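Order as written gives the chain letters A, B, C and D; numbering starts at 1 within each chain.
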Amino acid sequence: MTINIQCEDRVGLVAAISGLIAQESINIISMREHVDTEQHLFFARLEMDDNENAQLLKNKLKEVLPQNATINIHTSQEKKVVVMVTKEYHCLGDILIKNHFKTLGATVQCVIGNHAVLEEVCTKFNIPFHFISHTEKDKPSFEKEIIDTLKQYDFDYLVLAKFMRILSSDFISQYKYKVINIHHSFLPAFIGANPYRQAFDRGVKLIGATAHFVTDHLDEGPIIAQNINPVNHTFSVADMMRAGKEIEKTTLSRALQLVFEDRVFVYNNKTVIFE
Amino acid sequence: MTINIQCEDRVGLVAAISGLIAQESINIISMREHVDTEQHLFFARLEMDDNENAQLLKNKLKEVLPQNATINIHTSQEKKVVVMVTKEYHCLGDILIKNHFKTLGATVQCVIGNHAVLEEVCTKFNIPFHFISHTEKDKPSFEKEIIDTLKQYDFDYLVLAKFMRILSSDFISQYKYKVINIHHSFLPAFIGANPYRQAFDRGVKLIGATAHFVTDHLDEGPIIAQNINPVNHTFSVADMMRAGKEIEKTTLSRALQLVFEDRVFVYNNKTVIFE
Amino acid sequence: MTINIQCEDRVGLVAAISGLIAQESINIISMREHVDTEQHLFFARLEMDDNENAQLLKNKLKEVLPQNATINIHTSQEKKVVVMVTKEYHCLGDILIKNHFKTLGATVQCVIGNHAVLEEVCTKFNIPFHFISHTEKDKPSFEKEIIDTLKQYDFDYLVLAKFMRILSSDFISQYKYKVINIHHSFLPAFIGANPYRQAFDRGVKLIGATAHFVTDHLDEGPIIAQNINPVNHTFSVADMMRAGKEIEKTTLSRALQLVFEDRVFVYNNKTVIFE
Amino acid sequence: MTINIQCEDRVGLVAAISGLIAQESINIISMREHVDTEQHLFFARLEMDDNENAQLLKNKLKEVLPQNATINIHTSQEKKVVVMVTKEYHCLGDILIKNHFKTLGATVQCVIGNHAVLEEVCTKFNIPFHFISHTEKDKPSFEKEIIDTLKQYDFDYLVLAKFMRILSSDFISQYKYKVINIHHSFLPAFIGANPYRQAFDRGVKLIGATAHFVTDHLDEGPIIAQNINPVNHTFSVADMMRAGKEIEKTTLSRALQLVFEDRVFVYNNKTVIFE
């Protein structure tokens, strides 16, 4: 299991934590800390064998840590996720295959799509697919349908695997740091429709992808993983999109692995990641 | 030598060009073409042994190519460059070392700095250094001094190796596609002062650099080369700047090599590069 | 369609080829050439609209090219492939998903496995799976069964997607430059069983993968694509294997795309690839 | 300053170390640990403000750590290095420039070359250069001259910046884990003379470099850093060498930074690196 601690920094925290664990004769497999010296914040991730008295340990930790410390204990039990999609299959396909072979680090509870085209592939893998169209609805109605569907499931994370509708602040605020998105990204950054077209017109030499938690500000949440692929003048817009999809798939896959293994801390709109 | 051709596309261009070269019994070492099928533009780069009748060949090519074709013949003679700097040494140092060992693919004529700190290292390598301060001058006066200095030199390219003043459109327009700049770059893009600070605050996982020709629009000219380095939460602002400098150095070095070997074509604010 | 030409180099080849194409009023979308100046070999790839008189064009090309020139005309018709596997799903999964969504650039005819574990996922996608065990057979008998199965299918390439048995020279020689393999690779190179264990023990900082055509010499055929992922001391053997699988998947995917688009030439145990 | 600890693992080590530090009211800027769970070895690196009683702290640490624990305290004082070269300038040039601008993280005491060609550039930077030819000498005599020269200097590390002679086990054993080498590297690996020629003939798609500590076994010591650059069929042997030099320069630079900042632990012919 892992214990993730986030609190105000002060002298002696590592000693306090590790002293307590030693007292309990628990063997630490690995321990990682980070201090944000500007914000005076302390982060630690401890990996140890699963322990029956996790709750007791948590209580004891509370006593030796600063007030308001966040202590999260994660057992080795797998995370549960819901995936949301539109039409593109590349991220979903990778998730379904890994889920099927039990190497995703999480189990997919269901897939929600605002188009129906990806229902068939979900059905192949016996994953429930909910088609919730956004057409002829206002956003609140659309999101209410999604929320009603989500309520049927127990889940830890909501993965936007190329879900192409913008979710409202109201929606997002219900799932703080639980919604993970994959976003294409370019240097320079392109705003507006058809970014691959813009990247092509601009003649960029790299295309990339950014996986991040979704917050109120679209595409501006805490970054989990980023990666790039080189492109050149021989790439058509279609070639760029294809290369972009490969890097989106890889980057989301990496981000999910980090999140599902409880390696990611979020604060001040950024992340600490103990890889 | 190389012949670079840029013209309107039409059926039979490769046949016309290669037929002419074959007629002249010139052996082509390599030939590269590209067609921008949207813009109907044709680009070709031919590498061949140096030839005494280059001008004659150019005239003959003119006859078989569309009107307004651009034909540039480059002999194996080395390019000449002027380098402009402010205070940072990392790009200049790499250029000076390569210039000294004759592997830059160009010869540095002089260095112009708006601060004096890099004079000493230039002097070590017997490269003339011109200190032209920007303080207590308006921009036209500052740029006039630079232009007067540049007039003393014969040069093919002006390399901005971390020159931190913005040059006016008037200045740039005198050296169209001759001014090469290296620019830090991030995903997402950060505008304004202290981008590394912003990148740190945002928690980016990649930092990068873009080498480009300078045009009227600051940091918006045709991109020659881009590259990135991974960073993470353990990087301080200073660490990010250090990693940024390494990638700036590498990216500018790559761009200069491509330009000096006449591999770069510019059109519509983008580049075709026959690597 | 594409025309791929490989022949002895001589002055005027580009002129001869492009002249002929121009004569036929065929529009070349792109043309790429390469000359191996040491071996005096010429390679060209021409992309053009599909043409009904491809055979006629081929005959005319024969007349203007050196004797023994290899001329391959590929229409835009999709390639057909057979995939061979053992137990690992990561490469097969990626191929099946892409095949299902028609973005593989080829159609999978069937999958042959020397273990049965991957039959289920093939069946999900309606891909015939042939279980041919290697146990209690000598190699000739095992390979005869495979060959008998292969005879039922029309295919262009045989993809070894983590097929863990070594195929005999006799077998390979029947499918010259038609068998594509994905191989883990490390620096330094490790010979023998359990390379990830060896890489872990050695403390490598990069793990990689190489996709190549299979020849008589195991893992020594012409290289199509290579890629790497960084690792570090926190990676267990299992972590290294997982990272290795991701890079194997990506590298094989890239190699297949290049091969299926007829961008790869083979000679002297190496490749020319017009990316 | 940093304290680096390496010892047998046992429950409570982090508590013991951090407890002691907390007792002394020393503020830990960062602490990193790693446990090799197979070998039962514990590694820790603590960064803290410089402290006058470092020796006292070390003695106290000895008391709470297992016998035979290695405890190294490094103050922020810069490392001292001697650089050895042959003819190639690319790694030396980068070191000299960084040394001159005080960003190497170490100070170069002198350069020893078995050829004289790099003397001039060292002299420019006022770095003593010792020309010690290997010709007309047996290896013991050659190495004795080097050792006699080294004895004139106080140094922490000996950097082989493209020193192309093989040093004997006798020599190396005098500077255990103090000699850092940069080595080209390829997939597959090539043994013998002219590896770039072999890589060209083999048609590799990646070339790389490995920085490592030198041990008895040539090019087989603990790896500090590795990196690669993509190449393709258009690269001549000379192009591959040029690309190789760039990656060698970058990789050695990275390795030196890690070593000079006391981030590298060595054991069992591998490294733990707290980046």
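The rule is short, and it goes like this: a contact is a pair of C-beta atoms (placed from the backbone, for glycine too) under 8 Å apart; a residue touches a chain by one contact, two chains touch by 3 or more.
All values derive from a computational prediction rather than experimental measurement.
Enquirer: B-D versus A-B: which interface comes out with more C-beta contact pairs?
Expert: A-B
Enquirer: Copies chain C, chain D: same or different interface, half of numbers shared as the threshold?
Expert: Same residues, largely: of all residue numbers at this interface, over half are found in both copies.
Enquirer: Can you work out the whole-Å distance between the CA centroids of chain B and chain D?
Expert: Their C-alpha centroids are separated by 35 Å.
Enquirer: Where the CA atoms of chain A average out and where those of chain B average out, how many Å apart are those spots?
Expert: Distance between chain centres: 40 Å.
Enquirer: Give the residues of chain A touching no fewer than two other chains, as numbers and ranges.
Expert: In chain A, 30, 34, 234, 275 touch at least two other chains.
Enquirer: Name, in rising order, each residue of chain C that touches chain B in their complex.
Expert: Result: residues 11-12, 14-16, 18-19, 21-22, 25, 27-35, 37 of chain C touch chain B.
Enquirer: Spell out the residues on chain B that touch chain D in their complex, using ranges where they run on.
Expert: 30, 89, 93-94, 96-98, 100-101, 103, 121, 124-125, 234, 242, 246, 250, 253, 275
Enquirer: Along chain D, where are the residues that touch chain C in the complex?
Expert: 34, 185-189, 201-206, 208, 210, 219-220, 222-228, 232-234, 268-273, 275
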